[in-house]
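The data blocks that follow each hold one structure.
Next, two complexes with chain A in common: one pairs it with chain B, the other with chain C.
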Partner chain A sequence: MDKLDSAIQTIHQMEDMAEENRFFCHIHPLAKVLVTLWYLVLVMSFDTYNLIGLAGMSLYLIILFVVGEVSVKTAFRRLRLLFFGIFLLGAANVIFDREVLFRLHGFAVTGGMLSMLSLFLKAGFAVLAAYLLMAGTTVNGMCHALRIMHVPGILVTLVLLIYRYLVLMLKEAARMRQAYLLRAPGQKGVQMRAWGSFAGQMLLRSMERAEQVFDSMTLRGFQGEFPFLKRRWRMRTSIVYAVSWGIALFVLRKFPIFYIAGGLL
Partner chain B sequence: MSRIELQHLMFRYKRQQPEYVLKDLCMSVEDGQSVGIIGPNGVGKSTLLKILTGLLLEYEGKACVDGFAVQKQNLDQIRKKLGYVFQDSDSQLFMNTVYEDVAFGPLNYGMKEDEVKMRVEKALCQTRIENLADRQIYRLSGGEKKLVSIAGILAIGSDILLMDEPSAALDPSNRENLIEIIRDLKGVKIIASHDLDFIYDTCERTVLLSGGRIAFDGDTKEVLRNRELLEANGLRLPLSFRFMN
Partner chain C sequence: MHMADALVNPAVAGTMYVCSAALAGYSIKKVKMEDEPKKIAAMGVMGAFVFAAQMINFTIPGTGSSGHLCGSMLLTGILGPYAGFLTMTGVLLIQCLLFADGGLLALGCNIWNMAAYGCFAGGLLIWKQVMKKGVTRKKIISTSIAACIVSLQLGAFSVTLQTLFSGITELPFGVFAAAMQPIHLAIGLVEGMITAAVLVFVYEARPEMLWTGNIMECAPKERMSFRKVLAVLAAVAAVTAGGLSLFASQYPDGLEWSVERVAGSTELEAEGSIYKTAGQVQDKTALLPDYALPDDDSAAGTAVSGLAGCVIVVAVCTAVCYAFRFFRRKEQHG
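Up next is the complex of A and B:
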């Protein structure tokens, strides 16, 4: 399958996943957004060298992967490029910080190695937490939560429109690429000399489609702010979910579970 | 009072352009009428519909919907009464699910959740797609998308329905289904199409546009039987009449 088609399909699959009839999908988006934000704050608050404490925060992700019935394999496959980028970013630390902190069976562990690992874990946990949020919440749901949190309507509308237009643009690009390749047998992709007109055409066509979508919205009373449909969320479960995760994450932050477990052993 | 009234309507896309797309159009549409707008490509069928919706406002002459002049200050009132079904349904549908998309209009007009639910269910029932309520938009077929587009308009409570090439890209069974649904709908229906058989099946009155002017305005059967008039305007007899003759 074409990469563009595959990207569109991935977006649709994520939407499907967020609409499924799973426990995680029935929790109010506000509860999920708040818990995710709380988790991110706590993960980022760890000291650079506190790797064991930081590793304890993985419990949240493990539990959500299990309870949310989200495939770990698929998540890592979809996010592999991002993880690779994070790894490259962290790798620079090894070069710049060469101070030996301790030796492990004769192997010199430098500050750069630990900070690289710490950066990798923090960024990886943040990306996975965001992925888990998206896997159980629609974009509309998340934007609804942002509005409840009094994020300005114009910003939320912007997020929604960007999301909608991104899909339109991908679809236009896929259509144009297909039309190009059908008339260019033997070519692996769009040739360099065609890129100028290809990009220009794509922009114009996407703008035209976007204008039509906007016309359709204004004809149905759109005044600049997206309306949100209230669903039958499980409110009590949502409150319990937010409060219990709020406490549990705080406890994980305060008392590094792996230290304690190691001490017991 | 006429639901739609056009008096000496003229339109050109840029003020600097000498050529008018629509020239001195005069017509009125009464309540309950189904009007077909036919004519060759580029004659201004879609332009006329866009003027009525207020998407194109720089026209000359007079265009009124339910007594409201089609002008910026009246667009809120006009758009509650009048809905536009785009030729390309993909450009019209943008929410995740059918229910959310049909509910988009009523929610924008500040209706309560219960009212929205009632309207969405009624619109889905009118278009016979109750079973699709929870379906993702991207999973729909072309015919289903067209029906969802119409449901989205009906849910607002619009009783003036403007449709641009509604039968385009529909297979025979979806086309038949759409014809039946359009026939059952109450209110004013204005359908711009090249599909003359579709116009024959859905409209009792037809307006033939030629060179931006009205070349014929009257009974659908009369114009669709007139081979000379149709051929002079780049159209052909619909299949239903070809076999009759």
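Up next is the complex of A and C:
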């Protein structure tokens, strides 16, 4: 699957997930955004070598994945490419930081090793937290939350417009690509000599569609800002969600829960 | 050049959020002063175009590296620096949320590195100064390339600085920068050529659509309506997304390539002072004190104890969550 198909699939998957009738989807977007940001700040504030403490923050993700009924498999697919870049930076740490911090059965554990693992955990946690946020929140919902946070209307409208145009264009491009591949079996992509005609066709077709979209928006009374449909969020649950997670995450950050639990053994 | 959350600490991330928000606030004020209702549609289409273009990594011959389009200069050439900056902000937000391209916490950094330099350094300081005396094809091509190179160089340097101040990597600053800058020079050149091609197309179709900082001197040619040009730009976005994506490079991008190249060398030596400073900043900005691991046996024991605790707590929490889900489902069905 190429990037184009993958992008379309990702958008549809996220939209479908966010609109499902799950507990997590009924929480107000603002509560979810605030909790996610709080979580990210706390995770990134951990010291490089505090791996156990950092691992404690995984509880947030585990609980949301299980209670929110979100697919772990799909989420982990997102981490593949990210981990490649992080691995390169982490590998540099292993090379440059060779100070032995402690030994496990004779195996010397260096600062570079810990900092590399720490980078992996932080990167993974951050991506999964953002994924969980979007798995239960539509782009409309996110924009609604941004408006409540007093992000200017022009910026929010812009995000919604880009999102709408993008889906349209990706679908159009995918149809044309499929038509080309059916006429040119066995080819991996569009040959250079066909670029002109391929691009020209796509351009004409997209022009028609883009004009239709723009006209329909105008006809439906678009005056520079999209109105947000008022959805019945579970307000009380949302407040409890935000407050309880705010406190729980702080406790996880402040107290070495895992060390305490390990000490009980 | 998208930075992940793991590459920045909260202090750096917060600072860059504030800087980017200040620029966004100023840009909104400027766009509102222009009072062009149609512009928002143009911004939406152009944003989708840049989004599509950024899905592609361009292979740079001879280096084994590739980079993707940073469309801030392109947006500035059409919409002006302020609207261009806001559009890029929107694009980066969507990329971050839907495609995990760049972190949510690092969004301020990414806006600064990929939008601010292109729109303000490339757009205001280079593009505007050259174009205010009249627009020609040659000027568009040379200015686009120059502005893209400058903005990418500044962006790459910022990535290096932000990573350094976050204290994330052990890479020496000089080595990291020396690896980042040349590769982004090549990427800037590629980006400049693509930007120039699109801007020349717009110049041919509707020259008055180009932003020059003042009223265009050349006579407008009634070849296409405003709406049609918007549609063409939208179509170009679709072409870029659909057609060229088929040829998207599988190679790592410039940042990854730079790090790989540096990490592969074993002759490099770490410079200590700047890391100490970064460490002190990290210590002061950390919300709470952390637990150090000294080089002795008790430290290993503590680590094992912590690890065991970790397994227990995670197992208990997961079991409780599944139990919660089981009883909730039962309640719903019953």
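In the analysis below, the second predicted complex is superposed on the first by the 227 of 265 C-alpha atoms of A that agree within 3 Å, B and C clash if a C-alpha of one lies under 4 Å from a C-alpha of the other, contacts with A are read in each partner's own complex, and residues count from 1 in each chain.
Throughout what follows, a contact is a pair of C-beta atoms (placed from the backbone, for glycine too) under 8 Å apart; a residue touches a chain by one contact, two chains touch by 3 or more.
Values in this document were obtained by computation on a predicted structure and should not be read as measured data.
Judged by the touch definition given at the top, the superposed model places A:G221 against chain B, while chain C stays out of reach. Looking at the shared chain after the overlay, A:Y163 reaches chain C, while chain B stays out of its contact range. After overlaying the two complexes on the shared chain, residue contacts for A:A184 are found with neither chain B nor chain C.
In the superposition on chain A, contact of A:I63 is made with chain C only, not with chain B. When the shared chain is aligned, no partner comes close enough to touch A:V251: not chain B, not chain C. In the overlay built on the shared chain, the residue A:M235 is in contact with neither chain B nor chain C. Comparing chain C and chain B on the residues of chain A they touch gives the larger count to C. Once the two complexes are laid over each other on the shared chain, residue contacts for A:F23 go to chain C alone; chain B is not touched.
Contact with neither chain B nor chain C is seen for A:V72 once the two complexes are overlaid on the shared chain. Under the contact criterion defined above, the residues of chain A that touch both chain B in one complex and chain C in the other are 139, 164, 217, 223.
Residue ranges of chain C in contact with chain A, taken from their complex: 4-10, 13, 24-25, 28, 31-32, 37, 40-41, 43-45, 47-48, 51-52, 55-56, 86-87, 89-91, 93-94, 96-100, 103-105, 163, 167-172, 227-228, 230-232, 234-239, 241-243, 245-248, 252, 255-256, 259-260, 262-263, 266, 268, 270, 282, 285-288, 290-297, 299-300, 302-310, 312-314, 317-318, 321-322, 324-325, 328. For chain A in complex with chain B, the touching residues are 12, 15-16, 19, 138-140, 164, 209, 212-213, 215-223, 227-230. For chain A in complex with chain C, the touching residues are 2-4, 7, 10-11, 14, 23, 36-37, 40-53, 55-56, 58-59, 62-63, 66-67, 69, 78, 82, 84-86, 88-89, 91-93, 95-97, 99-104, 109, 112, 114-115, 119-120, 122-123, 126-127, 129-131, 133-134, 139, 142, 152, 154-155, 157-159, 161-166, 169-170, 172-174, 176-177, 188-190, 195, 198-199, 202-208, 210-211, 214, 217, 223-224, 253-254, 256-265. Touching chain A in their complex are the following residues of chain B: 53, 55, 76, 79-80, 83-84, 86, 88, 90-97, 99-100, 103-105, 107-109, 113, 116, 134, 136, 138, 152-153, 156.
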